[in-house]
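What follows is a group of structures, each given as structure tokens.
Two complexes come next, and they have one chain in common, chain A, joined by chain B in the first and chain C in the second.
The block that comes next holds the complex of A and B.
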């Protein structure tokens, strides 16, 4: 929705829609309190934080305040984990979104109500399982001595495999569990979008003798295209953030696998766990936020240029 | 102690903390330098007006907040009620204890201290970054008030101890007079040794034979508990004549046998290290521990207690701890794995007062009571007499049910160990006396036990090296790297890339300064 008001119309605009604005006030206040005021803490990334001097009283870090960022780059690992994080996010977003859309389409086509409800609940269930538990599942599957995967292999006459020594396997494992956990949640959004499509379109299509696949292709997918773009954009906004819980619980501190499974969040955790330096942690968080910001602004302006209707802002 | 690193939510907690802190920083919750010196001035006031013995003002009833490590036993609250009766009567105050569990101390303690929370007393230790936290202003300096409010607890400290507990010339903690001599070794299932006819474990060769026997005879048991927390590697540097002054697997160590006093060397380039890693590779491929050892989830209890493993590599104190709660038929034995027993640092377990403390004096007075009055000591360490423990005729301690109150597992014992009140445990292993006297016989001085490396000047390189160790050294430690020689080469290359030389120079500088002061 866009409002075209004259410059002098600002007060008029507020007055005209005062009830609407009043309703928005609590949300704006919360955002301001919880998101904007704490942003001043970013300054911590450029300070040598001392507890007794407070955030603003602590001395500035060396190298014009950028000293806290150095650990990230000196070993060359910063680049590697950034690339890993981006690739994982792209892969996970692609896989889980495609699956979410498929699930939403299937659920909407189901005719039996009870079956639809049961399936939806079952698919949604993993969302409530914590990564700690998932980590335990994974361990019990792939543990070299007692894991059921190796039991199964040997029972079928194969040789046991030490999954914890083969990095590429874990890309698949992580992608699978990420999708498994998020598909139910993601599909709800698409189901809502599909429900919002005008029923008359389908009725008209039925009269014209359209098949189910034709209806999906020419009515449903174009109808939810907007939602898809928004979800993708929101995911892009988090592209430098690794899901720490997921990576840490599934991989743990297994150095053998880091080459292909290390993301920014796990790297920072591991580097700083022995020094517990809040300034350096803040520096890492700032690095992520800064680049996420740049990426989302860039992508959004590109979209605005080519498909203005789909831009977020 | 189980200084395990089974950390769960740390990064999130830490990043969240930066924001939490950001929001309260403005409102001045963290005590500023000015406030700290003000409250210190008011703390000194009573000492000027009254004599230490009776002139102390305790008219206001307060609750002091203590933070300690671990998890409470079921009878803890009942005991605390008794304890508070005592403190209320004599000192007009209550003690409220908050436990921080072992899995989370590396993340929760810094947050607690950084928040400026009212911490009247907390457990601290050199392995919890006591010195660097102190340097960041986390604690309340007590050199002025400790002699007044805790004369005994302060008075026994030798000059070396005071130095050890001080940072930048200010005293930040106290500790009990019973300092450990921790000696790493092997805690072994005695019943299995008997079964295989193995008498003793004196060397890697003996250990190897025992573990091979386990693999051959009891394949359902994992021979060695070799998780990611250290396992056998903790004792390795000392067996090469080296001594770690940072994390147990940090590359830079002091070469004790060098002609030059305090020479820092790189553990991973030292002769003998490659042979060790090759042995680990051999042991791992023979199934002495799980190939997923690095991903083993932290277990709720020690794996030797559940019969999952046959050997745990740890100290004689851990042995007593395990022995008391392990099934009796396991008959756990202990064999030393290191040539020398060094006295622990005075900062191995410290009672420190938080910078945000509201009642430092009262807190010290209670601490003093524990050191001087057996009633306080017995309650905290052994529980309620008649319910949790009784003394035998010759004064041994008989814990009535260790599942309700375990005297050995209690973390209070760490910062309040007083020789005068310590008791021998009745269900202790028969060989305890022999082990203890053996430890005495190989006791040796080691000045570097008191040295603590301040990583602050090279914190970026330190962090990068920490990461390199996790990625390249740990797989070598547990023998997961197929070619240890190539693996070791990569590790060293990566260490140099991460800035090893810079940290090396800094550590050598600090060690030289330490030695100059020590020898003067």
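The block that comes next holds the complex of A and C.
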């Protein structure tokens, strides 16, 4: 049994720390069930799924299994939902990050303690609210007959409009609620970054008589550049992912709006619920996951080469 | 030494106060409209629509919800049960895992961390997850389907690990000298010392469970097992759910507040969060700060 006890061996390590490894098992098991086993379902994207034959028994799709991907794009949905997803992510990231950084800068410069505390609490509150409640807000504001918005319009002497017939309005609504929900959260991150800046820099600047805007421009912004880059990278890594809960609660099943509001995640969900082509749906999900993965790994390795400090992993 | 404010400073203050005040109003406005809508008389809604302030005050919606609140109380029960059990179980699993991957003498700790991190980069997608949950684990209409998906989270694992790594290593070492096993060190020494960490991560997990309606939509089809958020969602989106409540209330259809009741339900579902918010806010800020620095 000598070979068993080699000092650096795998079995030796497991045996030595067996209790510790056992303690990691529950978490690993949950992740295995919820994430790794479904990964094997990727194979579905390359098959013609038949309910009676299960995932592994179903026959392979045509074109070396790539027929589902072809169909996803040829049907027209693939291109449309991809473009929508990317554009929404760019817009939402830009708006919410600019607002988050602004709020963080202003809060950090704020002298009045009570004002700082109250406004930060209020701006952070939406993070705690579920998207279902946002669904209630949308009903409350934009319902075509009873909504607050039309009530305002008529009170101001305008004609009531049915918002559910005008797709572009919902781009603004989605962008608004996304920022509403995340600006508080984002500003907490940036405030943490600003707190990390050396106080001496500000003291020196004060001695030199620098103005507030100069301090922000030459000390604070360069000081949080690192954080900004990392947040943008994380968002870039999710550029093909849509926040399903947000889109679904705001838009729901309003078919007229899909042209401008359908993202990959809502498309996949609807296909699953309608039990439409499951293989094509799986292909859409795989394409999404695959490209997100490629993007984040590529960007990260590029950064590692040029600016190792900014790398995510 | 107090210097008189320069012109630039005054302008900056003016912009700062205006901007933050406006943003705060925008953040609060939807809540005010929601609350005011829930207290508006049904005829006023039909005639004027919703407005910032009730045209005609009425508590009919709340009266109807609380008259025969079987569905509401049951869904509150489901939400509380799922939140409490999910949070306790999740905290146990996450803190234990975080402790293991934080121990320097565990040789494969980086491999284990990567095992958890990888799933945030790549996943099998909704269809495969759904098929696994329903066909292979047979969890359709099971409370486990509401608990399992939110149990493990790489972000919370990172937050927890950096909390634990701030504890002095010497504690574990001296306990080891005294002959304590690794699990005993974790449960008797590490856990009691990391109460602030447990509170922070626990609140994040609890919020996830309380606000979850997505897993209920996917996996639960019997109305008796709906959590609160999903009852609200189905009231907003289908007439059927509303009919259930209205049948239970035994109020004649004409007199029922069928519109404002949706908003009243939203207020009831958010109430606990708004009430707890002032007390728990600081834990969340600390958690996000740690996650931002280490993550």
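The working rule: the second predicted complex is superposed on the first by the 220 of 313 C-alpha atoms of A that agree within 3 Å, B and C clash if a C-alpha of one lies under 4 Å from a C-alpha of the other, contacts with A are read in each partner's own complex, and residues count from 1 in each chain.
We take it that a residue touches a chain if its C-beta (ideal position, glycine included) is under 8 Å from a C-beta of that chain, and two chains touch if they have at least 3 such contacts.
Everything quoted here is computed from the prediction, not taken from an experiment.
In the overlaid three-chain picture, which partner chain does A:145 touch, first (chain B) or second (chain C), both, or neither?
After superposing on A, A:145 lies in contact with both chain B and chain C.
By residue count, which of the two partners contacts chain A more extensively, chain B or chain C?
Touched residues of chain A are more numerous for C.
When the two structures are overlaid on chain A, which partner does A:282 contact: first (chain B), second (chain C), both, or neither?
After superposing on A, A:282 lies in contact with both chain B and chain C.
If you stack the two complexes on chain A, which partner ends up touching A:164: first (chain B), second (chain C), both, or neither?
first
With both complexes superposed on chain A, which partner does A:272 reach: first (chain B), second (chain C), both or neither?
Both partners, chain B and chain C.
Which partner does A:132 reach: the first (chain B), the second (chain C), both, or neither?
both
I'd like to know which partner A:256 touches here: chain B for first, chain C for second, both or neither.
Once the two structures are laid over each other on A, A:256 reaches chain B alone.
I'd like to know which partner A:40 touches here: chain B for first, chain C for second, both or neither.
A:40 sits against chain B and chain C alike.
Would you mind listing the overlap between the chain B footprint and the chain C footprint on chain A?
On chain A, the residues that contact chain B in one structure and chain C in the other are 37-42, 44, 54-55, 132, 135-136, 139, 143, 145, 147, 244-245, 252, 265, 268-269, 272, 278, 281-282, 284-285.
Which residues of chain C touch chain A once you look at their complex with the stated criterion?
Where chain C meets chain A, its residues are 6, 8-9, 12-13, 16-17, 19-21, 23-24, 26-28, 30, 33-34, 37, 45-46, 48-52, 92-94, 96-97, 99-101, 103, 105-108, 112, 115-117, 119, 121-132, 135-137, 148-149, 151-152, 157, 181-183, 186, 207, 210-214, 229-230, 232-233, 236-237, 259, 262-263, 265-266, 269-270, 273-274, 277-278, 281, 284-285, 288-289, 292-293.
Give the list of chain B residues in touch with chain A in this complex.
5, 7-12, 14-15, 17-23, 25-26, 28, 30-33, 36, 106-107, 109-110, 113-114, 116, 129, 132, 136-138, 222, 228, 247, 290-292, 294-297, 355, 455, 459-464, 466-468, 470-475, 480-481, 494, 497-499
In the complex, go through chain A and note every residue touching chain B.
Going through chain A, the ones touching chain B are 37-44, 49-57, 67-68, 70-71, 74-77, 132, 135-136, 139, 142-145, 147, 162-165, 244-245, 248, 251-256, 258, 262, 265-278, 280-282, 284-285.
Which bits of chain A are touching chain C when the two form their complex?
Spelled out, the residues of chain A in touch with chain C are 13, 17, 19-21, 23-24, 26-28, 30-31, 33-42, 44, 54-55, 99, 102-103, 106-107, 109-111, 115, 118-119, 121-137, 139-141, 143, 145-148, 150-152, 180, 183-185, 188-189, 191-193, 196, 211-213, 227, 237, 244-245, 249, 252, 265, 268-269, 272, 278, 281-282, 284-286, 288-290, 292-293, 296-297, 313.
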